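Alright, structures below, take your time with them.
Two complexes, one shared chain (subunit A), two partners (subunit B, subunit C).
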Partner chain A sequence: MIGYTLRRLGYGVVVMCLVTVFVFVIMRLVPGDAVSLQLQDTGVSKEAADALRGEFGLDDPVWVQLGEWLAGAVQGDLGTSFYNKEPVIDLFLARVPVTVQLGLLAMLVGTALGLTVGIIAAVTRGSVTDSALRVFAVAFLSVPNFVIALLLLTAFALWFAWSPPLVYAQPTEDFTSWAQQMAIPVFALGTGGMAAVARLTRSSMLESLGSDYIRTVRAKGVRERTVVLKHSLRNSTIAVLTLLGLELATVLGGTVIIERMFGLPGTGQLIYQAVLDRDYPVVVACTIFYAALFVITIILIDLLYALVDPRIRTGKALS
Partner chain B sequence: MIRRTRLGAAALIAALLLSACGGGDDGEASGNAAPAGDPRPGGSLVLQLPTEIDEGLNPMTTSDPSTMGLISGVVYEKLVEYKTGPDVTSLEIVPDLAESWKISKDGRTYTFKLREDVRWHNLPPVNGRPFTSDDVVATFEALQKTTEVHKWMIEPVESIEAPDDHTVVFKLKHAYSPLLDYLAYHFNMILPREGLEGEFDMQKQAIGTGPFMLDKHTPNVEWVFKKNPDYYIKGRPYLDEIRRPIMSDIAAVTAALRSGRLDVGTTSDVNVARSLDDKGFTVNETPGAPVSVFINPEREPFDDPKVRQAFMEAIDWDGMGQNIRGRYNLTSLVRPDISTAALTKEEVLKLRPYSPQNAKKLLAQAGLPNGFSTKLMVQRVDDEDVREAQWMQDDLAKVGIKMELEMVDPSTGIDRRRTHDFAVAKALRGVHLPDQVWRDFEPDSLENYTQVDDKELYELLDRSRTELDDDKRNEIYTQMQIRMETVIRQVHYPIQKFDYSVYSERVRDLYDSPIYQGKRLADVWLSDS
Partner chain C sequence: MPSPPLLEVKDLYVRFPTPAGPVNAVAGVSFTVSAGETVAVVGESGSGKSVSSLALLGLLGSGNISAGSVLLRDEELVGAGPERLRQLRGSELAMIFQNPMSSLDPLFTVGDQLVEALRAHRPMSRRAARARAVELLREVGLPDPERRVRAYPHELSGGQQQRVMVAIALTGEPALLIADEPTTALDVTVEAQILELLRTMQREHGTALLLITHDMAVVAETADRVVVMYAGRVVEHGPVAEVLRSPRNPYTRALIDSIPTPATPRDRPMPAIAGSVPTPAEAPSGCRFHPRCPSALERCSEAEPPLYGLEPGRASRCWLHEGAPQASPTTAGEVHHVA
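This part shows the complex of A and B:
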């Protein structure tokens, strides 16, 4: 198990290195740079623009820039923003909590609702409830999360003259305001995951509910509630866990638009603006963060398999 | 009620940078439609800020108009200012920190008499000391020495002297008629000597003489300004606080306006503006940036002026404005909201008629009777930019010009225009003053995207800069526009778009700024405070 974990971690590091180099190079291949943007409408000369380019190190060949960046990165220096000249690590760390809150809550809400809907649909198979829930799930799976956010935002404003607070507050400062600000973004981000989890839970549970071991459990006179929640659901969870790993990518991608839409000061908004601004150091740092989060989650899910399925933990599944 | 103002903002952000004017006792004259009554002190105004200030607050080093809009006229003030208010119909220079000024007959000496009752904000290290001519000298000397960004505006200024604490004298190498316009421009704020000498970080802190003091900044969330209790106009500002939450999404802005959390928001989408009009809001139409078309004569077949002319005459620009922008101005190079030198719609239509028949003839004369294929690089800021490009594409197809559309983000657009890497490019050009317009086309300008190189145009430009008579200078600007439309034909600003500011009912005496500077908000008040 330890060897397996270490191997996965090693793969994760390789993936992150490749992502870093790829993003570093690709950003510089896209036309335009921070200097062009900063000096637009200023009437400065080409010489002044080139001087600023030199100050940012943008006049060196890409491989030299990459080498210098890597030399700094291994010492924990991810560079400074081309715009506000602050260390990227500070900019970035200030915004991580918001994205983590948003992402985790969206995953939690999506999973909790998805499991509930999936279980209800499975145990009421073929009923009107089952059909309605399935339609609901397909609808949420089909509509992009920012459209759901847009509809909710507009509906609340039109019908109840309500909108989320304009200014983000930390939950420790003002919990009520924080909860109001996070409600729509979390729900909107969680819906895609909810629908996917619900559909998968339903199909996995239907499969397990029809299996021999469930028949045996029922024959032993175990209560239906225990049959469903303890025996059937637990066996269906592995597939759901795999899905959650993939769902993380959707949620993280969604934060970029949702944070911008709701004025949440997270990394999604940071990377969005940094890409538009060609603020290369910020883009690279944010990309590493997203890649790391993704890799770590995948590893954690692999480890969770072992917890959920003892056969993986003891290695018997392979025998 | 949709209010149509003559003066206004140049870009989406522009419309937000609102200003106030005096008076306000009369409901007709107020910034809103509802009865006004006497101004009431107090309250907190919530104004949308469309983008975060990325480049810091130092006016010496940043060129970001959003920064200027946030602090100019709010925290910092200038020597002179553009008049703002309900009845303003053209650019008019009015006093700000200078209460009066004299210009010598030869146009080479400007003497400014400064207000004597002004103090800097009571914040360390400036600590509320009096504002003097030394600060003005320090500001402009620093501008000449330390920055490449804005010094071109005062390039002909040879020396700045302070004969006493409240007099400043600018001596010029030669007469330079745009000087006052540039001194009122939003970049030229007067800064305290302490900041210029590094006693506080002007990148993060702003200590000025304006009606509001910078109170708090939560990155990517909000800027908060509080009332300056020592402001030199007694009883002003009325507001206790201005909050500028950063909101870039129009759906969120609309929802916040409807819920009452936001007092003022802005959009370039006429449909959004109409959906809010008369629903407890006043919608203000404000002239914005010119829609700009750049035709690269280095790319065939645009090396032939006849083809460039055919391209422009094949497109129904008037129809495009009506159908896509809602409110617009049909224009030549100079903005009609800024200068009376701007060509009128009728004059523009004479020089550049919508005439597909003539376009076809011109193409035939150029040896292209069956048309040709080309590509339009569209710098996309809003949806209207794309719809306009599609309109152009459709009109051009009717005369045999097949045009492919290529959407790019602002950074790519700017870079490719500067490296002349396009056949035809469309963008919104952020220029205001007539002199700024022509500056783009000077040979060493980075913004001379189509490499205009016209001796006669440059002679006219030189003459305009030394001509001190307004009417004569306007006549020169007219000749320059005609030359651009009939001879050069490489750069056109066919229409000027409008933006829409949406105000809640409680906001009084708030007017859009003539140019996207952050005009003083000292006279704004809230009816329910």
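This part shows the complex of A and C:
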């Protein structure tokens, strides 16, 4: 079990290194840089621009820039923004909580609703309820989250003359305002995951409900609620856990658009603006953050597999 | 009749929905099991023997009992609510299955699965249930039960898993244990051990055993009476020794002839019944066995023979016995000889 954990952590570190190098290099291959974008309509001389590039270190070869950046990064210095000259780490830390709140809540809501819908559909298979829930799931799976967000915004504005507050408030200072602002983004981001989890839960529960071991549990005279919620659901969690890892990527991608739509000051907004501005240090820091979030989640999911399934714990492959 | 039977199945029909309309996988099956008795139900795959046994417990997936009666100690189980059937399962009626390797939940320890069964029917502390679980594992001959109670199914061999299944079946001290091909997936040596275990359990607890099998050798070793099924019908039944010595139905004879013996010539293919069991949807006209029957007459394809009562306790469904009195479907076990 310890070996298993260490191996997973090792993979995580390798992935993080590759992501860092890749993003660092690819950003510099994109045409235009921060200096030319900042100065494009100001009529500043080429010499002045080159001087600025020198100041940012943009005239060094990419691998020299990478080396210098890495030397700083290992000491906790992620560089300074090319724009407002603030340390990247400060810009970034101010915005992380919003994205983490948004992403975590969206995943939680999506998973909880998805499991509920999936279980109901599985135990009522073939019924009207089942068909309705499946249509519902396909609809949510097909419509992009920003469209759902727009529809919700419009619906609330039109029918209830209500729209979420525009200025973000920390949940610790004004919880009501925070909750009002987060409600639609969280739901919109969570729906895709909800639909996917619901469909997968339904199909894997149907598979397990028809299995030999469920027949044994039923032959023991155990209550049907226990059959479904203890045995069938637990046996379906492996598949659902795998899906949650993939779902996180979708949710994190979604935060970029949704944060922008709702004016939420998260890392999604930050990276969006930084890419447009070619603000390399900020882009790299944000990307590493997203990658780290993803890698950590995947490791957690791998550890959860082992927690759920004793066959993985003892190193015996899944059948 | 000495005593009323423990289980009396009368004229049972089990229907499955198919895209082409409902079909009967079991069509008019009757048999009885007395307390403490071993009755074997034999037949090839597709004869409806497993379906009949699952139907008794209300464990059929999509199919359902469309007609007939199942009496357990005079209580009608056909039409009994799912809650009543649940109460009976694991207490009065227990069942073990063909594939021990897939019949235990892989995510729970052997002990947890026994404790769950123990606590399903009577209030019992977790601690007491745990102790009882170890006792049961010892009783079914699992070595080192104190340690094995914490093992997961994948840490046990197939034979050990089947022993655990027997232990689970014993938790409710059932009056009837249904064993559906309990040894088919196991090695021959393990098969002998499991059959011996079932016999011991039966002797010590007085449990009646309904043994579903396709293996005549297992029948010969284990059962008191045998019910032979073909394509959803009972074609012959009677005491095991008599049926094996002098099978009356051509199908039973063919089954017995296909058991290899030391005298079976090694240079020729093993004797087997040509063809296969028809699916319920494509059951032939007349006698369902006639296309494969060596003694088929012309009329066998035209009309299905009734179950004829032969000597006491024996019956066979074949036109060869024409003239014998018909066995009443309601008392298949003890055939009435109507004058």
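Just so we're on the same page, the second predicted complex is superposed on the first by the 313 of 319 C-alpha atoms of A that agree within 3 Å, B and C clash if a C-alpha of one lies under 4 Å from a C-alpha of the other, contacts with A are read in each partner's own complex, and residues count from 1 in each chain.
We take it that contacts are C-beta pairs under 8 Å (C-beta built on N, C-alpha and C of every residue); 3 or more make two chains touch, one makes a residue touch a chain.
Owing to the predicted nature of the structure, the values given are computational and were not obtained by experimental measurement.
Look at subunit A after the overlay: subunit B and subunit C fit there side by side. In the superposed pair of complexes, A:311 makes contact with subunit C only, with no contact to subunit B. Across the overlaid complexes, the C-alpha centre of subunit A sees subunit B and subunit C at an angle of 150°, to the nearest 10. With both structures placed on the common chain, the touch criterion links A:216 to subunit C but leaves subunit B unconnected.
The wider contact with subunit A, measured as residues touched, comes from B rather than the other of subunit B and subunit C.
Judged by the touch definition given at the top, the superposed model places A:235 against subunit C, while subunit B stays out of reach.
Judged by the touch definition given at the top, the superposed model places A:261 against subunit B, while subunit C stays out of reach.
Of the two partner chains placed around the shared chain by superposition, neither subunit B nor subunit C is touched by A:7.
With chain A used as the common frame, the shortest Cα distance separating subunit B from subunit C works out to 48 Å.
Residues 46, 51-52, 54-56, 62-65, 148-150, 152-153, 203, 218-222, 243, 245-249, 251-252, 254-256, 258-262, 408-416, 418, 421, 430-431, 436, 439, 444-447 of subunit B are the ones that touch subunit A when the two sit in their complex. Taken together, the subunit C residues at the contact with subunit A in this complex read 57, 59, 61, 82, 86-91, 94-95, 97, 99, 102-109, 116-117, 120-121, 152, 154-155, 165, 168, 171-172.
If you check the complex, the residues on subunit A that touch subunit B are 30-33, 36-46, 48-49, 51, 81, 83-85, 91, 94-95, 150, 153-154, 156-158, 161-163, 165-168, 260-263, 265, 269-270, 273, 276-279. Listing the residues of subunit A that touch subunit C in their complex gives 210-224, 226, 231, 234-235, 308-311, 314, 316.
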